[in-house]
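Across the two complexes that follow, subunit A remains constant while its partner is subunit B and subsequently subunit C.
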Partner chain A sequence: MKTISVFENFSEFPALRHCNISEKSGEEFYHTILNKEFNEQYEKGEKLIVNLDNTAGYASSFLDEAFGNLVFDFTLDIVKNHVEVISIQEPHWKTMIENETYPQWEERRVNKKNPVVTRTHGAWFRLDKNEIKSGIWEHPVAA
Partner chain B sequence: MGTPCCCLNLFNSLQPSDYIDLLGIVVNGGLAYWIIKTIQDKLTNKRVLKDHFIDEVKELRNEYKNCLSNLYLNKTHAKNVAPWFKLMNIKVTDIMLLIYDKYEIDINHLDPYQNKLRDLVTDNPEFISQYNLGQPVVFTDNSRNQFIKFQQEHNRLFNDLIIMINDSN
Partner chain C sequence: MKKLYSTPDYKEWQRRRLKKIERDLRNNNRSFPKKRSKSNQKSRRISDIKYPVIAPTDLRLIENTEKCMEIFREMRSEDALSSSRGLKFVILDLRNVTQIDYGSISILTAIGDDLKFKKILLRSFLPANIECKNFMIESGYLNNLFDDNGKPFAKTQKSELIFFEKGSGVLSESDNIKISLLVKAVVNHLTGQSKHCLAVKTIILEICGNSIEWSGTDSKQWLLGVKYGEGKVVFTVTDVGKGILETLHRRLSKKFFESFKSMDEILKGAFEKKYGSTTKEVNRNKGLPAVKTHWEQGTINYLKVLTNNVILHFDNESLSNTFGIGAPRFRGTFYQWEMNKECLNKIMV
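Up next, the complex of A and B:
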């Protein structure tokens, strides 16, 4: 079991959904921190705890993009079993992520509606045909 | 000068049962005084506490009112929005927890202000496109109408809450 903190491991000022609209976006958090940390714990059969406290605050789009991508790449069941979101300061975020983001992105995964990336990212992990693979799965779409 | 003599005669003429009655009157009187004072103190405490919570709710209402007014007047910097809502959410949650403990009023009563309003702002297209400009966000008429509509639909939540606190036992 490992705990990561958005404040300590990423930024005190998390911003909006995508990299092309703001620095420190949910997309950036997912691709630089969350995907790798989650995969490491998942392969060990352990849980990743994500602490949301002590930042300057969130837009819901930041959290939706970060945790939604996680569901898209690893499936809802796996994410539910291997991630615990904690927030003492703003417990409603945990409720939103679990009750809204998770099911919406699972539906998106089932319907093969791929996530949007707005910057080219290094390889990241995805469950593909029951096997964890590393790759660059999505590319920015030219405007 | 005749009064002490008269009292002496009165006490001399009292039977033991009269003393018991007299004691009963004194005890009952004391008890009645104690009960009234205790109830009065409790009622006063309750009222003071209700007034305190009602003042807190009024203060929250003013802060949200200022926020909506600044949005409408294009005076809001995008990067201040999430921190402002975080502070407000902590404050609202703290007060609503106490109100729930005391009066069993739904802790999520102000949820539209805590979450729906924040999402209305942070998911707004002008807010997103101007996020990095470092200037107050200029909203379109359509967006500003949405803020007014939100206020019209939800403003009564504060008055409802004040009434619920006031009417609680």
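Up next, the complex of A and C:
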């Protein structure tokens, strides 16, 4: 089991959804921290604890993009079993992630509505045909 | 006897021959003056001065919304755009103004910034009323403005009571930090303790995020205003983009719009997550409902939203209004809310 914290591992000032509208976005957090840390724990068969406390505050879109991508790449069941969100200061974020973001992104995954990336990211992990593979799965689309 | 070559054909041949000599000399880099193309020649500069946009005596956005929207529309209209010596400018005459509120100053500042981005100066006659004039000076409104002679007003010192934070393009980390510091200052004003207030930061991020992503302004600009009062703080967020209803219009059918009794009902629906997202992604549309939830929980008071032809007063629905056909519309979105110590007591952890 490993604990990561948005404040300690990423930024005190998390911002908006995508990299093309803000620095320190949910997209950036997912691609630089969350995907790799989750995969590491998943491969060990352990849980990843994500602590949301002690930042200056969130936009819903930041959390939706970060945790939603995780569901899209690893499926809802796996994420539910291997992630625990801690949000003592603002418990409603944990509720939103578990009750809205997770099922909505699972629906996207099933309907093959792929995530949007707004910057080219390095390779990341995705469950593909029951096997974890590393790759650049999405590319930015010109506006 | 020498033959006179005066036939039209000969004259044409001679003209072409001279042109060829001239061209050859130029190509051979001889000292031959280059002929200026017509487009390079300095065109005669003609002044085209339009009548000033004259503000009414009551320029309070919340109490006199329709008149204020008329002025905002006129300021941004082509008809108000003067030009002289290559400069483009709009003249705003505020001399008659005797009452003005923080909402109007916020929108005037946002329009001034937008005009500046488009390389258009905003020249302004200040109110004759001393109280109004001082209020505008203190707000920092003059910092981007030009007097009636086209000279910038002297920069005013940062006010202790009124403050604007601006941004454009991508929300940078430094903008984000500035917003957090502003929130800390608000908490300090209300409680005497300087610390983060997560819920307020969330509201500002949700609204500014909407402005950056959806307003459609050329530079994705937003303007956050804070006015400190006795035991309370007034916030405004303004963008001068398309507006929420205009954005909804572009993706929802006319039939869908006609199924509602009024436009203010449609706008309320956007705060209740009644419509799908512009991107058609099921996970989106959480921002405006989050703002409404904070109002319902009493985190913020007196929430008002003005966009296109609708003003919503969340605190008093009877004042909400859809302005009729022919009435001016506000191109953009304006939010205003207040906070006091009781609001903070509900959310501070």
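Note that the second predicted complex is superposed on the first by the 143 of 143 C-alpha atoms of A that agree within 3 Å, B and C clash if a C-alpha of one lies under 4 Å from a C-alpha of the other, contacts with A are read in each partner's own complex, and residues count from 1 in each chain.
Rule of thumb we're sticking to: a residue touches a chain if its C-beta (ideal position, glycine included) is under 8 Å from a C-beta of that chain, and two chains touch if they have at least 3 such contacts.
It should be emphasised that the depicted structure is a prediction, and the values quoted were computed from it without experimental measurement.
K.L.:
Overlaying on subunit A: subunit B and subunit C, fit or clash?
P.N.:
clash
K.L.:
Contact-wise, after the overlay, does A:9 reach subunit B, subunit C, both or neither (first, second, both, neither)?
P.N.:
After superposition on chain A, A:9 lies in contact with neither partner.
K.L.:
Of the partners subunit B and subunit C, which touch A:32 in the superposed model: first, second, both, neither?
P.N.:
Neither: A:32 stays clear of subunit B and subunit C.
K.L.:
Which one hits more subunit A residues, subunit B or subunit C?
P.N.:
Ranking subunit B and subunit C by residues of subunit A touched puts C first.
K.L.:
Let me test your reading of the model: by the given contact rule, A:75 touches which partner, first (subunit B), second (subunit C), both or neither?
P.N.:
neither
K.L.:
Figure out whether A:56 sits in contact with subunit B (first) or subunit C (second), or with both, or with neither.
P.N.:
A:56 sits against subunit B and subunit C alike.
K.L.:
Mind working out whether A:24 is in touch with subunit B, subunit C, both or neither, as first, second, both or neither?
P.N.:
Second partner only.
K.L.:
If you stack the two complexes on chain A, which partner ends up touching A:113: first (subunit B), second (subunit C), both, or neither?
P.N.:
second
K.L.:
Quick one: classify A:134 as touching subunit B (first), subunit C (second), both or neither.
P.N.:
neither
K.L.:
In the superposed model, where does subunit B crash into subunit C, at 4-12, 40-48 or 76-84?
P.N.:
Here subunit B runs into subunit C along 76-84, and the other listed stretches stay clear.
K.L.:
Let me check the overlay on chain A: which residues of subunit A are in contact with subunit B and also with subunit C?
P.N.:
13, 15-16, 21-23, 55-61, 89-90, 96
K.L.:
Please output the residues of subunit A touching subunit C within their complex, sorted ascending.
P.N.:
So the residues of subunit A in touch with subunit C come to 11-13, 15-17, 20-24, 55-61, 64, 68, 88-90, 96, 100-101, 104-105, 107-108, 113, 116.
K.L.:
Residue numbers of subunit C touching subunit A in their complex, please.
P.N.:
So the residues of subunit C in touch with subunit A come to 170-173, 176-177, 180, 183, 196-202, 205-206, 209, 212-213, 220, 279, 281-284, 286-287, 290, 349.
K.L.:
Hey, which residues of subunit A end up touching subunit B in the complex?
P.N.:
Answer in residue numbers: 13-16, 21-23, 55-61, 89-92, 96.
K.L.:
Note which residues of subunit B are touching subunit A in the complex, please.
P.N.:
Residues of subunit B touching subunit A: 79, 81-87, 89-90, 93, 114-115, 118-119, 122-123, 128-129, 131-132.
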